[in-house]
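Next up, some structures in structure tokens.
Next come two complexes built around subunit A: one with subunit B, the other with subunit C.
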Partner chain A sequence: MTTQTFPVEALAGLLLTPPGFTASQALTGLLFLGFVAITLAGAVVATGARMLVRSVAGLALCFLGVAGLYYYLASPFVALMQILIYIGAVCVTIIFAVMLAETAGQEREVKRKPVMTFLGVAGSAAMTAALAWVALGTKWSGAPAAPEAGSLEKVGQSLLTTYSMSFELISVVLLVAIVGSLVLARAGRDK
Partner chain B sequence: MFQILNLGGSLETYLVLGAVLFGFGLFGMALRKTFIGMLIASELILSGASVNFMAFNHFLAPDPTVGQIITLFIMAIAAAEAAIALSIIIAIYRNYRSIDADTPAELNG
Partner chain C sequence: MTIDSELLRLLLYVVGFIAFIATNAAYLVWLERKEAGHIQCRIGPKEVGPFGLLQPVADGLKLMTKQLIIPKGADSFLFRLGPVLVMTPAVMCFVTIPYSDTIVARNLDVGLLAIFAFASVNVLGLLLGAWGSRNKYAVISAARVVSQNVAYEIPMLIVIVTMVMVTGTMNLHEVVTSQNGGFWHWNIFRFSASPLMPVAFLIYFVCMLAETNRAPFDMAEAESELVAGAFTEYPGMGFGVFFMGEYANIVVGTSMATILFLGGWNCPFGLWPGLHWFLIKMYALIFTVIWIRWTFPRTTFYSLLNLSWKVLIPVAFANLILTSALLKVL
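Here is the complex of A and B:
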């Protein structure tokens, strides 16, 4: 009796595997394109939506796509932290602020003058094009990463040895931010 | 034609993507009239920077933990920044009953 395995290769062969790729490579590439599409769509919604709540939802979508990109850059820990901190904490906090500070009549963004919008589009597009031009035109050279050296163990070790000072300073910054936001948000409460 | 499936393995893809995220953030920063919209745009800018750090970390750095640690620090800074900015926004809303960026212009003295 033979064990039956799921025929991935045969199934992908039916679905027109591109020449020169194995089925898993093709699937990996498609998934990467999917994450890129999610990131770009999230960014478009985050900047273009007229209601702030939708904008925050687009931001969460964009962060999800970026987390997928981190996974492709061989750091699943940072990808998980991205989802946990950005989507789980930052986006939820922004949504709370939107609910606290916005009334129903104010939700719609006031329209800018078309000239101003055009100037914003032109300026940011020029900046993006310049950055992309530099990125594509430069001949990057460097040591290729060792396959296992970026592991979670190494990250933890260097956090507590080489970067221990910055680690402690970050905790102080977070503490100051917590206390400061409590003080700021409490100030006008008696009114 | 099928080279598009290999995009995930090249540094330039991530760099261009980071630049596009930065550009969207810049555009949102210029376009938005509310403080919360500006905060959202600044988060986009920060995540574009993080993508760049992670890409250089994976493809070029001899010690591939540096970029991950810097990205974790950026996350912590972004969380602190969001907390402070949101409490400032709440305080402004208490005083002015609006989150428009133009409303507290009388503070300019």
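Here is the complex of A and C:
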């Protein structure tokens, strides 16, 4: 895992038509690091910002970085879906909810007990360590060279064959969520 | 082709797009004022240059020399971020649009999805800018923009899914080449796929008007009730960038209508296809967009939402089902 070179093919869909140039490897590496940096910066803003709306803006940035990583992994379809759904729909909905709930100019009063700060840091450190341990301990088989894996046809076929069960279950979950929110909204209106 | 030359080509394209967006927006404002003038039996701008053709230059200078004031109570970061988030995705959209057989910055296999993904970010910019302004008109406008965009994105995407089913690809270049030939090959007249194709075009066009916040759906900037809506607090170029973004989005929307329904760069009679046909069709659609703005009054918010949820979405779904049934049978 450690000495693996950056997959030049991943970039083929992004920048160059025939891959495999010396400069491309450096560029791929830079792009990868850039996407990681964007994701991390977004996450830090999302968790650390005082204003809720700014947190959501950070979350959008984080999603953008993740979309870039998907693109890097040669799945432009998933990357664009990430932008369309998470930035274009989810973030907008969250901001909308925040706007309705929070009055302008209100800042979150963050008063954490020292114990909580310690527990938070310790918990996240443990989580990071565990994930790193699992990642380093796993024997990574090289990803199958499938440049078509992210294509529309493949996604459609796997959604309706291999993953049809999860696909249907997700739609049921969404239906329950919609009905639930309608019920909650109704209950609030009666009072 | 080495990576450097490819990168350079892309960069040149993007610079060209930005230049095009700016000048195009400036002259669309001129066209809008001229057209509005003639529709209202006036003559529109005429003082600066012949036919008022230098008016956009004067307007641009005026906007650029204005002081950028950030209101005291505003969230300065989000306030600055707003116009950027409206403008940048619009530029991104231009990258995958094929203007002719050879003029395209980057022909993605999922180009159609790319355009709608980036176009959906535009709302976020308006929303953050309006919220950052700390202005009640702006916040009301932001609330309207969100419900309007959510409502009209659904029928639009259903129509797009129908078109993807008909053409079988999301590569915009292939979408156009599948309509090669005279106008009877264009998707809008492809009755073998669905007899409702012109209706699909109409739904797309209405949704595009709503998504780009154009009258009669300009709830975001309802100047008679909300001063200038989301843009109320924006001075000088802050407002200018919002405006450029809006016109860029209109160009993207009409370009997509041209590509999906009107055969892209194909000539109606099968002769001399090329960039000029693309531009003729696109600007004809833009002319119609402006024409509609000065012909119809603004709708109310309820009828706006009713139109989408009670008319457009059911019809779009019916078209989707009909098309898929016909595709299966034929």
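Keep in mind that, in the parts below, the second predicted complex is superposed on the first by the 149 of 191 C-alpha atoms of A that agree within 3 Å, B and C clash if a C-alpha of one lies under 4 Å from a C-alpha of the other, contacts with A are read in each partner's own complex, and residues count from 1 in each chain.
Quick note on the criterion: a residue touches a chain if its C-beta (ideal position, glycine included) is under 8 Å from a C-beta of that chain, and two chains touch if they have at least 3 such contacts.
None of these values were measured; they are calculated from a predicted model.
Participant: Considering only touches as defined above, state whether A:Ala37 meets subunit B (first), subunit C (second), both or neither.
Facilitator: It touches nothing on subunit B or subunit C.
Participant: Just subunit B (first), just subunit C (second), both, or neither: which does A:Leu160 touch?
Facilitator: neither
Participant: Comparing subunit C with subunit B, which touches more residues belonging to subunit A?
Facilitator: More residues of subunit A are touched by B.
Participant: Pick one for A:Met99: touches subunit B only (first), subunit C only (second), both, or neither.
Facilitator: second
Participant: Looking at A:Ile87, would you say it contacts subunit B, subunit C, both, or neither? Reply first, second, both or neither.
Facilitator: second
Participant: Mind working out whether A:Phe77 is in touch with subunit B, subunit C, both or neither, as first, second, both or neither?
Facilitator: A:Phe77: touches subunit B and subunit C.
Participant: Just subunit B (first), just subunit C (second), both, or neither: which does A:Val179 touch?
Facilitator: Once the two structures are laid over each other on A, A:Val179 reaches no partner at all.
Participant: Using the touch definition from the top, say if A:Met51 reaches subunit B (first), subunit C (second), both or neither.
Facilitator: Once the two structures are laid over each other on A, A:Met51 reaches subunit C alone.
Participant: Quick check on the superposed pair: does A:Met127 touch subunit B, subunit C, both, or neither? Answer first, second, both or neither.
Facilitator: A:Met127: touches subunit B, not subunit C.
Participant: Using the superposition on A, tell me which residues of subunit A are in contact with subunit B and, in the other complex, with subunit C.
Facilitator: In the superposed arrangement, which is not itself an observed complex, subunit A uses residues 18, 21, 77, 81, 89, 93, 96, 100 for both subunit B and subunit C.
Participant: Tell me, which parts of subunit B touch subunit A in their complex?
Facilitator: It comes out as residues 2, 4-8, 11-28, 30-34, 36-37, 39-41, 43-44, 47, 50-51, 54-55, 57-66, 68-69, 71-73, 75-84, 86-91, 93-95, 98-100.
Participant: Give every residue of subunit C touching subunit A within the complex, in rising order.
Facilitator: 1-4, 6-7, 10, 73, 75, 77-78, 81, 108-110, 113-114, 116-118, 120-121, 123-124, 127-128, 131-132, 134, 139, 142-143, 146, 149-150, 164, 169-170
Participant: Quick one: in the complex, what on subunit A touches subunit B?
Facilitator: Those residues of subunit A that touch subunit B are 18-21, 25-26, 28-30, 32-33, 36, 39-40, 43-44, 46-47, 52, 55-56, 59, 62-63, 66, 69-70, 72-75, 77-78, 81-82, 85-86, 89-90, 93-94, 96-98, 100-102, 106, 109-110, 112, 116-117, 119-121, 123-125, 127-128, 131-132, 135-136, 140-146, 149-150, 154-155, 158-159, 163, 166, 170, 173-174, 176-178, 180-182, 184-185, 187-189, 191.
Participant: Given the complex with subunit C, which residues does subunit A contribute to the contact?
Facilitator: Listed in rising order, the residues are 13, 15-18, 21, 23-24, 27, 51, 53-54, 57, 60, 76-77, 80-81, 83-84, 87-89, 91-93, 95-96, 99-100, 104-105, 151-152.
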